[in-house]
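In what follows, subunit A forms one complex with subunit B and a second complex with subunit C.
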Partner chain A sequence: MRGDATAVAFQFAGLALAPLVPGMIQMVKARLQGRRGASPLQPYRDLRRLWRKRVVAPHDTTFVYRMAPSLSAAALACALLIVPFAGSTNGWFGSDMLVLVGLLALARFATAAAAWDPGGGFSLMGAGRDLMFSVFAEPLLLLAFVLVALGAGSTDLVQMVAAAGHAHVASTPAHWCAALAFGLVVLVETGRQPIDNPDTHLELTMVHEGPLLEYAGRDLAMLQWTAAARHWLVLVLAASLFVPLPLTAPANVLALAAVVTAFCVAVAFVETSLAKMRILRVPVLLGIGIAVCVIGLASWIGGGAT
Partner chain B sequence: MTAGNWPADSRLQARTDGAEIRGVPPDRWRDTVSFLLQHGYTFCGLHVTSPAGVVELRAAFIRDGAFHMITCQPDPQQAPTLIDLVPAAAWDEREAADLSGLVFSDHRTRPLITHPEQLERWTTSVRGHDTHQVAVGPIHAGIIESGHFRFHVVGERILHLDLRLFYKQRGLERAAVGKPLEQALAVAQRACAACAVTNSVAYAHACEQALGLIPSSELSRTRTALLELERLYNHLNDIGAACAGIGFSPGNMIFATLKERAQRVNRMLTGHRFLFDTVQVTRSDLEISEHSALAARRELRDIRDAAERAWHEVLFHGSVQNRFDGVGAITAADATALGAVGPAARACGLAHDTRSATPRLTYPDFQVAAPADPSGDVRARVEMRALELPTTFELLDSLLARAIRPAECTPGHEPIATGMAAVESPRGRTFCTVERDGTTVTRLRLRTSSYANWPAVALAATDNLLPEFPLINKSFELCYACCDR
Partner chain C sequence: MTTPTWVLVAGVAVAAAGIALSAAPRGLRAGLVLQALGVALIGIAGGLVLIDGAGVGSQFGNGLGPTVGVDALSGFFLVGVALVSTPALLYARGYLPGSHHAPAIAATSGVFVLALVGVVVARDAVTFLMTWELMSLAPAVAILLTSRTAETCRSVLVYLGSTHLAGVGVWLSMLTLAHLGAFTDPHALAAQPALVRSLLAGAALVGFGTKAGLMPLHTWLPRAHPAAPGHVSAVMSGMMIKVALYGLVRMLFEWLAPLPGWVAPVLLGAAALSCVGGVLYALMQHELKRLLAFHSVENVGIIGLGLAAALLLADAGQRQLAALAFAAAMLHTLNHALFKSLLFLCASSFQRQVGKLDLDRLGGLLRTMPLTGTAFLVGAMAIAGVPPFNGFASEWLTLQALVQLALHVGGGGTVMGALAAAALAATAALAVFCFVKVVGLVLLGAHRQKAVASSREVPASMTGPVIFLAGLCLAIGVVPGGVLALMRHLSPYGPLPAHTLRITLAVPGSGVFAPLAVAAFVAGCTAALQLARRRAGATAPSPMWICGQVPDSRLAWTSAGFTKSLRLVLEVVLRPQRSVSVERQGVIVHSSVHESHVPHLFDTLLFRPALGAVLAANRVLRRMQSGSLRAYLAYLLVTLAAVLTVVRLGVR
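Here is the complex of A and B:
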């Protein structure tokens, strides 16, 4: 499906706007904690600072380590260009949700593999935990997508988004189960509390921050942008798939902006009101999400039979 | 305070109110220690000194606020060891071996203060399928003193933790030697900022005992008030730190705010947020007007209400309970063996608090706080702080009821060459020994509560998950500088 120029423009704008999302969450969080906090533009300042710095890599690292930042940033950039805006997409990489799942996995694989290259203890620990989480998080993401895809009758994101606006899809239990599960996906993919603590560099507790530990300069800038892009991606998807938004260009974008902002506030609230979980409880939580998806699947099959 | 029939060969060297020093032959050293332990004495410190070039080993014990020190002149190549009788003496003996070259017989002393490069010289060897080591520090990601933690783990589970502290030995105890008693107080105080008052008061008490002086009631009131002000801001800080350890920012922020308010009270009353230079030997120069004391009491009442509300919020928060309960537990038996003190020991059900027997301070009818469930885990340790706060607030309210005026000690008992003192810091019993020649320090030994508790941290980490360690560490909230003294 060839998208109109506005949709394409907004997809590219997403690449630039992504760092605003973590910036906004951090700001709301600071306010909730009684701090003044940095401006939501802080991630941009960090990126500018890092972009100007030289890349320093540990001794004896190979292309696996050096490629990881660009590879994961590229994967996320492609993923952002797949997510439809205003009911259409550019169509360069197709718009299949399975491609999206694959791209996210590729980015995760790239950083995890890069953690093995210098062999630093903390990066490996973080990467190991990240991979352990992803054993549960990836099926969860896929199942949530599948539930929406079943309602839409297609794995094409454009049709899935369009279906979310139809009352007969949006009102099915399967759709609501998918929405619940996707809430957990948002927390895992963004690496936020109660799953992970993005503010800590406490060596022993790091998950997502661990593999990033050795990176510096432009490499780190790319990895930080990747993390911001993940925020953007999952929140925009959550808004598009589970909130019935108007599908015409200006109204869609305005509504989307409002919903994503509301989601940022919600994430900040969750993060402030909950302590970080014990690490081995996280798979249990994600397992509950998977169970919800299976119930949704069962209800869809049951509902489809009648 | 006599302890039945002393073993033969022990010779009374000196005695005064609350202290007795006995010399024993090296081959009776261990018997004498067993005898003291059987009679309810608790080990509180061991050190080496060499007056007139002869190495002397000294061990101090405490019972009901009275001290008993035994001393012997061992063969420097074969000193008798205590670690099987008193595991709590392990660090003291290792320190003595590192600093004075004393060799203890019958056990291989692992270095404590000197840091050999070869791993096998200071770590425990752990063998088995899939075991590996995780090394953290001495440089950390946060603003924190130097400490190296070597975890032996299987997956995320900690099998054993080897601690390596003492990175920045400052030689404070040596710096104090040769200084007049009055001046060396500054040295003892600087051992640690968070326990500055405890260290100073312990040092001052030890000097005063050596000089045969007793603090006047006014002086003891001043010092008690300072000690409780120190406990207040430390306890508030420790609860906040535990919340920070699990990423629970509301708890962290509110207790950080309360700690700041408590420290501002400190500044208003004494001119220093950490209460530095508020204690003097044999006297007190601190003056607090009725007006300031009243303002402080009002502010403290406010802080008390806010702290109680905040603690209830934290206590009944499900996600906090999930993290605190059952993590980093130590048993009462282990805590006793390792010589754990303070809230960490009380959290396991040991009702020990130096404040219940301190003739030199003002603690009328002091009741030792006890947790409802002495499980010895992170929850119990954090809860101990909250349980001790009301007592501290009440004490401060009555101690600051009047203006505080300069005060002096009065002659009370026979002077003695070696003075000893134990003071309850926010982290437990801090023990100080001062040996003097006239009014000059010949040996200072400061064994702080952090020093006493560190081995318990290593034990508490065992069998927990690696990511839980920062929380376990924070539930003790010990001081690194106390080792680097």
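Here is the complex of A and C:
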């Protein structure tokens, strides 16, 4: 099923709703920590404030620096328009999972390259660490995808989402291993603790926030939206791929909203209860994820592929 | 004679005239243009055959007389040779004048390109081997004409040594195949014992794999490529290693059938090692051309993954998917030829304007050399495999092929496919890491030395070719389906399913990928956001935030600094070495020197011990060569006695 009008509407709504996800996580986190915290709408207020400001840029920067925020936002917008809703997607960009990996890489390339333009040490430290994580996170993401694709028999996201609803797929150990691995991917891509601390104000410990350090005004607004879109992308994917949701339009969206909210609470809970890891320990954690995926593969073969 | 034949003959004639003209002292530029024109004609001939699918000239024969011919596969590689060599030869027009032995280098590069053409159109073992050796020797001549420092001579020695190693495998496999008549009779090999077929396949893998730069046989590649003159290194990295792959493809998909079962998994393993190892060592390099050379190892690995997937899928009876995997490998072959020659040509332009290509001593070249810089940026994004450039299109197809291998070939296929796909994903992430580093250190930021600050854009004869190549990288990235449609006669497994060949790519069992729509959306969205950004008012300049310190160029980040986190994580594998020496008088430190490098473990752990063993054996054997006449007479006598004894005993 492609080109469904409701799916298209929800995909575009996702572009607007994405900042709600980090807002919700921040609110739940504040409550868990005994603070009142800001409203979940706070990211929108931040975006409005930033959008009104002039752009400030360091001396002697090139178009690589100036274009990076727009390019990453565009790549993530494209990715969001690929993720299926209610069992269908618009057919404009296709519906393949591997394209998502490429678009995330494009956004990463743009922001990390831009960190070199002002050449500040803090930005580069963050960019280098982010890229180092990606070296382990990308195979992890791919293996998780492959495990799901094995069950679905296709790398088409629409079919992969549909397969999550089938009991014979959702009940395989391979699927659970994939879910576990995808949980780690969620933490890496969203830059949440224990991988990274989104609330840090200490430049030395920044990972995802590091390359954003020099940006201001509308540039920063685009980058903050990009980060929010990345939250939306991975959480919606996690909900669609690993939770059997109804595939008809209104029920799907309500269930999806509930599951994503639950995931936000879970992320906030993880972030409250775990301290940030040493950066050099993160690859070990991701490596464990890869090992889990390999176990999933073995279980798939052992279980006799359907 | 048919049209392609005429065009091909005309092209070779024009190119040969160009070689002769360029060797004359005053005809350098005109000669190079003629050479480029001739190669372009050859490429057109190849393209005609590729699109038409019907071959011209002879078929492969077992005889020893010289025969030539072009079929679809040869046509494809002719197009590749032309797409890389024409810009490279035109580039040489601006690059060569003024350098030592310019006419000789120009003539050598023409001979080199014609040798590549010769290997591809050869239709008998002798012509193939002759042009193969010529192809190997020509770059060595070009390197030695450029520079004769001790280091270059050593690189050439290693290169020639590896070429010999490759030659053994190639000669053995080609001549044996001719002897067995396997070029004409596809069933000739099936009658041979398994051991013979395994030995043949092993010889072919080592021979062509060495020349292609597959790990662990790649050690010559990062030495030879940086030493060659700019346009020759572009053709070497762009096409010479691809011509080796051409040989490998002929062997694996035509001549060696039925393949022994171990070949495809071994190729897959070596290819995965090449991908990850190549890019990992590239990341640790500090010299631009050496870094690019390691990336060739990586990309040959990616192509190898596609080829191995094709073999495995075909074995399992999935011919349509095998055709897809094969197409992925061929598309990546073309793509890598384009972006790698683009990057090498740009690097040579930088070298011309700045001097050395030490990554930590460049910086900010995008501002002083905007055209070359932008083309380099396009090449970097293409090789890093980010959409919408051509590298992503073929890596996407290769990943699809591997995932389909996991999906459709149960058991071992699932494990191999999934793990190889994960290795390719890690490779892609590492390539992004590496080219973010390269783009940052070369193009962006502050100038790190005076020569960079005073550098200027190179003349149009050197920017034109790289802009052309950059345009091709974007075009193929946006409409890969169109290019695949032109390549439809290439696959040994029959044509690709029709719906893969449209503007959107759709592999059976995958989602659709619409590269044109993705590119248009991302470009449009970026443009709109840029406009919105401008409407906020003029950009206010500000200093960079470094906690209130005064910016100091000596604090600028280096290549080693940027990759430090990964180097620490992979310390066990990479074994980096560092040394710190501090010179002090009393308590006052006068100077401190910090040195660190990542040794190339294949050299230190594999090749050096192997070389040591060979040399030790040689020392033992040298005792036999005493130079004394009596000893030699004794050897003769003993040999004669042995032969007579053997004959007497009747051993045959």
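Basically, the second predicted complex is superposed on the first by the 303 of 306 C-alpha atoms of A that agree within 3 Å, B and C clash if a C-alpha of one lies under 4 Å from a C-alpha of the other, contacts with A are read in each partner's own complex, and residues count from 1 in each chain.
The definition used in the following text is that a residue touches a chain if its C-beta (ideal position, glycine included) is under 8 Å from a C-beta of that chain, and two chains touch if they have at least 3 such contacts.
Since this is a predicted model, take the numbers as computed values, not measurements.
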{"item": "Touched partner set for A:Pro194, first subunit B, second subunit C, both or neither", "value": "first"}
{"item": "Touched subunit A residues, subunit B compared with subunit C", "value": "C"}
{"item": "Which of subunit B and subunit C A:Val56 touches, first, second, both or neither", "value": "second"}
{"item": "First (subunit B), second (subunit C), both or neither touched by A:Gly34", "value": "first"}
{"item": "First, second, both or neither for A:Leu180, with subunit B first and subunit C second", "value": "neither"}
{"item": "First, second, both or neither for A:Asp117, with subunit B first and subunit C second", "value": "second"}
{"item": "Touching partner for A:Ile295 - first (subunit B), second (subunit C), both, neither", "value": "neither"}
{"item": "Partner chain(s) touched by A:Glu203 [first = subunit B, second = subunit C, both, neither]", "value": "both"}
{"item": "Touching partner for A:Ser273 - first (subunit B), second (subunit C), both, neither", "value": "first"}
{"item": "Those residues of subunit A which subunit B touches in one complex and subunit C touches in the other", "value": "121, 203, 279-280"}
{"item": "Residue numbers on subunit A that touch subunit C, as the complex places them", "value": "51, 53-60, 62, 64-67, 69-71, 73-75, 77-78, 81, 91-99, 101-103, 105-106, 108-109, 112-113, 115-122, 124, 127-129, 131-132, 134-139, 141-143, 146-147, 149-150, 153-159, 203, 213-214, 217-219, 222, 279-280, 283, 290, 293-294, 297-298, 300-301, 305"}
{"item": "Partner subunit A, residues of subunit C touching it in the complex", "value": "363-364, 366-367, 377, 381, 384-387, 392, 396, 399-400, 403, 406-407, 410-411, 414-415, 417-419, 421-423, 425-426, 428-430, 432-433, 435-436, 439-441, 443-446, 504-506, 509-514, 517-518, 521-527, 529-530, 532-533, 536-547, 555-557, 561-566, 568-569"}
{"item": "List of subunit A residues in touch with subunit B within their complex", "value": "29, 32-35, 121, 125, 193-194, 197, 199-205, 272-281"}
{"item": "Touching residues on subunit B, where the partner in the complex is subunit A", "value": "134-136, 140-142, 156, 243, 246-250, 253, 257, 317, 319-320, 322-323, 465-470"}
